[in-house]
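Have a look at these structures, which come just after this line.
Across the two complexes that follow, chain A remains constant while its partner is chain B and subsequently chain C.
== the complex of A and B ==
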């Protein structure tokens, strides 16, 4: 006798990635690959001028044409990708460290310290980040390093404010009281119990922040307080080529498109991770 | 006497309303190795007492003494010893274990922070021993708690609390979130542990059947006051206070005939 067929609940389907998500992921991976390996392949000529060859339109030899110094625009973009992305990662890492430290101190510390730190954060939030960064960078002397430092010291307030709130919520969880009853030190309580259970949301934010940071860094370089010529950094490249927009559009459009694509790609990556984590946002 | 709670009072801030007083002059004692039940309805202050006993909150008035330590003002070495010797198990087996720690880290944490075992290997061995003692498979040591059931998690919580050999275990409704069949297992485990380790258990519960099985001494609370305390027999067989009587009457009876008779009697009582 055969047992009657029992309807098996369909095995929970692992949700696949949509074509769009795969597109964004591959774009980000490609950008990272270009930034890491691209410069190894670049010809040496990208920093030396060849005036006879200047402002040549895109061709088989120079895919994106050449600039006013006769340098290959395509390879300068590739080399610039490393400078740009590395700087952006550095900026986000630095201000995240500042934000995480201040949030942890505020959440763990006594009431007055929390209040004081949050009021300082309010001031930071109220100031327009880019203008302040511009001021700092100009004061430190225009260079890529100044721009990175300036953005790191102006970028932390949102991280600090968000994380401090999340940590306060995490501290209401019973396992935190449990750790206190066990007698863990304040340091261990915060670093081992509270912080690891509070970082999820911020990791999403930081992925998206890379995109914004690329844009702001390029802007600072464009107005002259960031990377300086002959750096291949994208903002600096646009700045030095802007006189030729009408005669040699490719010298400006190529790095401009690179900035746009990179910041949009990382922004979308942040959005995708966020929606994946919280399916209630899907469809927006 | 291991721990004495001497007429403590506690209010919670309820701004803009005046502070809500949740404990009035509560006095009770815990002796070595005894299981004591704190019972009462929701809002009777039983969890607040548990939190005061664990020095998670401080009462405004009164004193709590544990083995010569003034618990409310304890610091330094006194506080460390108190933290080692008084442990707890929570109601919610889901929220009470850090989801980012493995079972080994969770159970071994007390050994680590109180430096009770010198090496990682020795800690691991103690964790394995403890897991067997509470009925868990030591092979699951490297897993995270999300893959365990509620009952298993409560065993992990008990192992975590007991591995450092405390003298008092405060259990705040430790079985209220579990299936009835699993409740009995956890209660039996606690009873076993109490005997094996000469552990004093303070058991907070609203379920009298559970308390009756485990606790020799029972304290009945109502609106933040102790209304009656006594041995299991005194409270269950001869309750003196009307509140205790009504609490006992509310315990569901497995026999439908008895249950029907009781309900009829109660209806008659209210009719009169």
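== the complex of A and C ==
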């Protein structure tokens, strides 16, 4: 038996997905499908009271039971999925845009501007994000819209910091110098050459960010500065079901499990994307 | 002398950042006040204030002056410790918050102990037996716990452990008749100071579940960080040398691998201490505990805008100060951070 002089890389399986990866992908796809199409199928009764049927345990008619207003818990979750995921996408998109803009300005601008923007980012990173978002949402008047805006204007510092670092690295690459020699304008250089070659980091971060945002959004609604009853948003649903946990556990357990499953699924998707981009992380 | 100059340089830079952060926080809170819809004087005076009262508040806050002057008088009031007045308790917000802060700090302190006591051993075992059964189960547990909303975990555990199994009290900070004379405002400390050990264990019994829920969220991060860091160290050459000289696994882990992988854990637990204070808002009300989180929660429910924003200012300030203290402590404790922070300046 002659052993190969150099050990062949065993983990050379770029193609093909593990069973676990397929499971996570299908979970995310299922959640997205529920969020997009679910509300179309929901009965109208999810916003109207039916006190005679309140707090009924799970049954064939009401899979996850009914809440204190006699509304079907299952269908409210389905409708809430759209509210929750749409809001989370909006939040992540908005703060990514803010982060991209600030990072580009910092990377391209003069030294003092870069310095100033990074100090502002330091301040943003040092403050407790959820508490500041809570303050903004409360000030603008408690509503889902306020919570989304509040999270968008407080969520950008990590993105801005990471992207600015990456853009600085990209700017040192030979192809950027080449473009500069060809007389490409600064604006064009940044938007057409540096930015597209630095966005990798955002794509990797994106899924994990959705997972965290779902959690924080539910928290803000639970505290009372986000979505308001009778909204089917999951955090608000838990807040209004809070008092019934000992008499009707399903009214609390179901929406919380929905938050957890969504947050975990997107978090795992983020981890998978990260490992695929950088296989040295495998096993960590 | 060199070391002294390096220290004072680090301290002044770090203090400067803390001051800058507090100024940024104050400006954000001022922006929040200006974003409030409706008449600011009306909001500060309360919904059922008379026209004369509202005018008095307008006068006191200087709301007829230009916005820039309002900003400076707002900063001036903050410097004097005036965070506004609650329209519910009719007390200065700062006085209200000072009363309940020890209770929150107590919760955060115990949560931090639980956090480290569970996550560090788990991280060590998981890394040492990478790919084993314990590693797999603890990683799955960490992922699950990290995705759960803290307030929901609190509600569910409160129901299961408090109502169904009755192993912990459902809510509150101490049993009826167990109150010690209030010295610090933290029930466990007060009980100890009164040498009332029954009351001490009663207060611990009340705090254990809220602290565990708060810790769960953060323990997953410590676990992941320590595991990854330790895995990196265990692969390094000097560990092979330690093994080659015949050291026991225990000696190798405790004396060599662990001290070299705790650095990121220390840094993380520093930021966590601050973040935990903010997260108290999710846990305290569920367990009907007193604290700055519960105060803010109630202020939101009662639409007491200035109490909410005063709490934001207060919590932000406490978090900044905690981070500052942790950074300085780290500098004193860890020679490598000392070298990194001071070395570049010292020479």
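The working rule: the second predicted complex is superposed on the first by the 270 of 284 C-alpha atoms of A that agree within 3 Å, B and C clash if a C-alpha of one lies under 4 Å from a C-alpha of the other, contacts with A are read in each partner's own complex, and residues count from 1 in each chain.
One rule holds in what follows: a residue touches a chain if its C-beta (ideal position, glycine included) is under 8 Å from a C-beta of that chain, and two chains touch if they have at least 3 such contacts.
Remember, it's a predicted structure, so these values are computed and weren't measured experimentally.
In this superposed model built on chain A, chain B and chain C occupy separate space and fit side by side. Applying the stated contact rule after C-alpha superposition, one finds that A:242 touches chain C and leaves chain B untouched. With both complexes superposed, C is the one of chain B and chain C in contact with more chain A residues. In the superposed model, A:185 lies in contact with chain B only, and not with chain C. By the document's definition of touching, neither partner reaches A:18: not chain B, not chain C. In the superposed model, A:101 lies in contact with neither chain B nor chain C. Residue contacts after overlaying the shared chain place A:123 against chain C, while chain B stays out of touching range. Using the contact criterion defined above for the overlaid structures, shared-chain residue A:197 touches chain B, although it does not reach chain C. Superposition on chain A places chain B within reach of chain C only down to 10 Å, the least C-alpha distance between them. Note for the complex: chain A touches chain C at residues 119-120, 122-124, 126-128, 130-132, 134-136, 138-142, 211, 215, 218-219, 222-225, 235, 238, 242, 245-246, 249, 252-253, 255-256, 259-261, 263-264, 267-268, 283-284. Of all residues in chain B, those touching chain A in their complex are 54, 56, 79-80, 83-84, 86-88, 90-92, 95-101, 109-110, 113-114, 157, 160-161, 164. Put simply, chain C touches chain A in their complex at residues 17, 20-21, 24-25, 28-29, 32-33, 35-37, 130-131, 143-144, 146-153, 155-156, 158-159, 163, 227-228, 231, 274-275, 277-279, 281-282, 286, 296-297, 300-301, 305, 308-309, 312, 315-316, 319-320, 323.
Against chain B, the residues of chain A that register as touching in their complex are 173-175, 177-185, 188, 192-193, 196-197.
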